[in-house]
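Data block below; observations after.
Residue numbering begins at 1 within each chain, and the chains themselves are lettered A, B, C and D in the order written.
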Amino acid sequence: MDDREHLRDLLGRMLLIRRFEERCVELYSAARIRGFVHLYIGEEAVAVGVNAALGPDDAVVATYREHGHALAKGLTPESVMAEMFGKVTGCSRGRGGSMHLFDAERRFYGGNAVVGAGLPLAAGLALADKMRGEERITCCFFGDGAFAEGEFHETANLAALWGLPLLLVCENNLYAMGTSLSHEHAQTDLAMRAASYGMAAWAVDGMDVSAVETAARRAVSAIRAGDGPHFLEARTYRFRAHSMYDPDRYREKEEVEWWKTRDPIPALAARLQRMGSPADADTVELEEQVARQVDAAVRAAEEAPEEPVADLLRFVTTPPEVKA
Amino acid sequence: MTGRKPARSATKPARGQPEDGPEPVRTTYREAMREAMREAMRRDDRVFLMGEDVAAYGGCFGVSLGLVEEFGAERVRDTPLSESAFVGAGIGAAIAGMRPIVEIMTVNFSLLAMDQILNTAAAIQHMSGGQVRVPLVIRTTTGAGRQLGAQHSHSLETWFAHIPGLRVVAPATVDDARGMLAGALDCPDPVVVFEHTGLYGLQGTVGDAPDAADIDTARVRRRGSDVSLVTYGGCLPRTLAAADTLADEGISAEVLDLRTLRPLDFSAVAASVSRTHHAVVVEEAWRSGGLAAEVAARIMESSFYELDAPVARVCAAEVPIPYAHQLEQAAIPQAADVVAAARQAVD
Amino acid sequence: MDDREHLRDLLGRMLLIRRFEERCVELYSAARIRGFVHLYIGEEAVAVGVNAALGPDDAVVATYREHGHALAKGLTPESVMAEMFGKVTGCSRGRGGSMHLFDAERRFYGGNAVVGAGLPLAAGLALADKMRGEERITCCFFGDGAFAEGEFHETANLAALWGLPLLLVCENNLYAMGTSLSHEHAQTDLAMRAASYGMAAWAVDGMDVSAVETAARRAVSAIRAGDGPHFLEARTYRFRAHSMYDPDRYREKEEVEWWKTRDPIPALAARLQRMGSPADADTVELEEQVARQVDAAVRAAEEAPEEPVADLLRFVTTPPEVKA
Amino acid sequence: MTGRKPARSATKPARGQPEDGPEPVRTTYREAMREAMREAMRRDDRVFLMGEDVAAYGGCFGVSLGLVEEFGAERVRDTPLSESAFVGAGIGAAIAGMRPIVEIMTVNFSLLAMDQILNTAAAIQHMSGGQVRVPLVIRTTTGAGRQLGAQHSHSLETWFAHIPGLRVVAPATVDDARGMLAGALDCPDPVVVFEHTGLYGLQGTVGDAPDAADIDTARVRRRGSDVSLVTYGGCLPRTLAAADTLADEGISAEVLDLRTLRPLDFSAVAASVSRTHHAVVVEEAWRSGGLAAEVAARIMESSFYELDAPVARVCAAEVPIPYAHQLEQAAIPQAADVVAAARQAVD
């Protein structure tokens, strides 16, 4: 897990997310991408570290801030970028947009824009696996803000009660939009609170991809062994505003700057460097590779066709020829 | 609670039994629904039932009594009081290939799960560009008439019928209680089944091994030529009673049972109205913004020049249903109200 | 608090609830009372003990199993019985019934039949008091089943976060309808879980009215002193079925019988006895007094008029002549 | 976000300013709503605002920007993500004598609080036999058109308008944004205020110190004689644009803004239809079971013999609103759709 190749791979994944989203910002300014867009920049170690511990058959449910989770789960930059453009080649055929990325084949079940609402869904995916004796697990990402929703409480209890194969990853980035953790919660030790539901729970440094991966592997193998749901609090931070609309008035510049010193990408690059040259070469190569991927994704998205308006009513219900 | 009393139901099995077919079985709406679940679980091991008190208690209205003994606590699954979580869990399990039947005790409590129902179950197929389907059946009770007060007596079928992505059905006969659940389980999309609590004791007959009933069409429950009485669910018996009274007065009323509330089988409504030229829509929901408004508006759109009078609506008074007997009965549609509206329509 | 007069008073209050409800059972069989009726028999020490710690200005929010809370808060047996009859003299003019008892003057805010739904309401009453610097507090009763609802979670956090003057009394009677505690919750130590929200929480023997009163007084005075919400888990048991419809198939007879040996009413009577004679006389006298009260309530309810059907649409919205 | 651009709005202040009255002030819908809150909080210390991100963030659409600086964090109160709890807390605080304004970011998330809204806020006055009143104002946004996808684009006004015990308003002009909130705060019952996100940038004028606007009546926004276009909220500008186009074609359309969706000021609708004999109802909600159905049904009931054609409806397509621009625009009513429907109606 700590070998050079693996770490280099993780670095590449984090870089892809970072550069992909930076490009999204430009495209948003150019009005090629619309709607609400929530950037994951700064939090890449969480999605990448956790996904490194998941297998391809494991399911993921994420939030509206899910470009990172989607890419880490293996969705192609092409399909995600096309989705942001609203094109028919998008991973949701342009019907979802940034907040509703889907890929059923890769068991990526969204892309959910109602805070906390992915949790019950994830419990259901896990329940199906448990009832059929499948080995696979389900992982649900959600925020510190979502922890305050009733849906979190109900799902945590249900999952613990039924011993569901569910990994709950709380991305504690200290804010829910403009509301800071201590204005959201009386008791801010979220892992401790999760443990009170009767499940294993611990916190991890969400700015250290290896730490996240290690924690996630420990949880995942316990879940696969039948130990029931686990809760991981990843302590992280978003470097950008909540969404493209957010003027970010509620955070101190110093706080943001301090967290940027903990950026997981240069940290991992430096670690690779310490592990032996030619690490700079690694980074350069990865950057080039990622830039090519993102360029190609943008180009493909630009060129892709739109869903014709005549097809508006498709995918609301299943056509009669398809049976359950 | 499940005893068999002599028949008093005015409804008949809608599909004729062939002479040499299986013996029709006398049963109740409650038992028919239970048998439908039993059969579904025997037939398909992806089917399971979950909800509050469906197992140890036997279902708060006794519908699932005995099922846990046959299928075990995994497949007849008591849940905590967590409507959002267990409805959402039903959605997730359905997506992952199971065929869950989720019971919400009453539609009043479905409000606690409304986010999951509208924002996830109904929307996810579209949001995912057709990749994700939710073959989930939600069963819930509806309706007033048992003095349960404002928080247990809503009729919110109309809200569900407003939601693209859902199918909504309201079996109103014993036969449909037996058949429509199987139809719902065959549907690849989320189906909400409304069971009016006043119907559970209804008696009737079903075939020995009934097939899945269609969940697409409305059905004429009584033929008539002067006025179309359009209704569904718990109002069907009252509407049939009204038709009896009207017949005594020389008014021939056709009674149309909508059966499926979304999508509406509107061609059946239009066909009936084109025969009778008068229509009264009967439902237990509050009048403003009820489903009766939709039916009335569509009749106007399709049959304006065939109508001899405006479409009338007989609905609940616009009041949270009160406890006191006389007030509750005054709040909800009675056969006499239907009679009066029909009389006025054909006048 | 332990003096004889006070204990005798508590005994009288518990007896009133017990006999009142026993009469309700008869009247239900006679179809004078309809709808859902949930008996509090066995749990009287909780409502009586907690209300003994509350002042008349404090607000109470209760459940559908609230005859006891209503009577303990000082609603008259007449007004409650008339409500069960659906008469216009009922505390909710017959519009509420057993599950929706109200008395705004006595600050009894229902009678809520959606499990858990009283909690946010109670938080709001407490919020108003806090914002205006009132000394009064709000007490909300709810069940072990309600603890699983999202509304509990959201309210507990909100109350703790905002330091609301709110007493949360969880009546843990080990069942939610037919579902036993261990089928409702993975972690069944409810007080411990409540503490995880960042509020003081403890459990108390709900079959001992003095213990309940002592615990409640401690909590109430802390709340009044500005220490924020407190959580009390009262361990209790209902002697009867969930409602008049419930065949009670899910509990062992022995379990019910064992709990009946812990009946709070004979326990307190015996304690009074030990404190000195003539305790039997006390009981006899209280029984007579309660019987008179219940008889009078039934008689008055029988004779009271019904709300005329012409008034059906009253009390839906406020008539135009009344301004906010 | 709050800059003042030159006017482009077609709406005019509905109440004429007397010649010697205060200078009319140019402002936006967003600012008008903010000023209305500011005034209410200055005038009455029982008024406070609570909701997600209303304080430090300034409101997710910038409506409450600056208010926390003036009134402090007690009266402009950020809440955790707990829709049920903070809506319920608003209900409780209202009962206890405060005048809370609760903001739910969008009506989509109101589903998480629907139990509190229907089962408590709307029902408690009745259940308590008139003892308990809930003078609560809930502000929420509604509507599509900004490519926010299915979970941020619902128009559920019709659900709320179905609920006895609530009052529902939809200010559609800058003037009403300013005035109707004060009207809502004067109301002793719960009022839900729908703000279409597409209106926030709308420019217009308000009086210097506007009074509370009534929250009872519909208002004619444009006089006409051939067809009544009945609408509300975010569809008003599009409907006025349609009326312009129709005028060019020689069709004189009257535009009626419902303003209050419950209770409907139906006499205004009937009066307009009795002048024009044709009606088109325009709204952004899904067609089946939308409020347009109610309006159409009531027009039929009241004015059947005065109608020269069936009442037409222009509503959203029955689809969870898609993200892609062309699909989203195709899903929601456009001025051209209104024009086409009106043309057909008068044909």
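Convention: a residue touches a chain if its C-beta (ideal position, glycine included) is under 8 Å from a C-beta of that chain, and two chains touch if they have at least 3 such contacts.
Here the structure is a predicted model, which is why all the values come from computation and not from measurement.
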Of C-D and A-D, whichever chain pair has more C-beta contact pairs: C-D
Chain whose average C-alpha position is farthest from chain D's own: C
Gap in Å, rounded to a whole number, between the CA centres of chain D and chain C: 41
For chain A paired with chain C, centre-to-centre distance based on mean C-alpha positions, whole Å: 46
Separation of chain B from chain D, taking each centre as the mean of its C-alpha atoms, in whole Å: 33
Cα-centroid distance, chain A relative to chain D, in whole angstrom: 36
Chain A residues counted as touching two or more neighbouring chains: 92, 94-96, 100, 112, 114, 148-151, 153-154, 157, 161, 183-185, 316
Residue list for chain B, restricted to those that touch at least two other chains: 80, 82-85, 108-109, 112, 115, 119, 126-127, 149-151, 164-165, 318-320, 322
Residues on chain D engaged by chain B in the complex (per definition of touch): 108-109, 111-112, 114-115, 118-119, 122-123, 126-127, 149-151, 154, 158-159, 161-165, 262-264, 285-286, 288-294, 296-298, 300-301, 304, 307, 309-313, 318-320, 322
Chain A - residues contacting chain D, complex: 34-36, 86-87, 92, 94-97, 99-100, 112-116, 145-146, 148-151, 176-180, 183-185, 245-247, 249-250, 306-307, 309, 312-313, 316
Residue ranges of chain A touching chain C (in the complex, touch as defined): 148-154, 157, 160-161, 183-187, 192-193, 196-199
Chain D-touching residues of chain C, taken from the complex the two chains share: 59, 90-96, 100, 102-105, 109-112, 114, 117, 119-129, 131-132, 138, 150-151, 153-155, 157-158, 161, 314-318, 322-324
Residue numbers on chain D that touch chain C, as the complex places them: 48, 74, 79-80, 82-100, 115-116, 119-120, 124-133, 135, 164-165, 167, 185-189
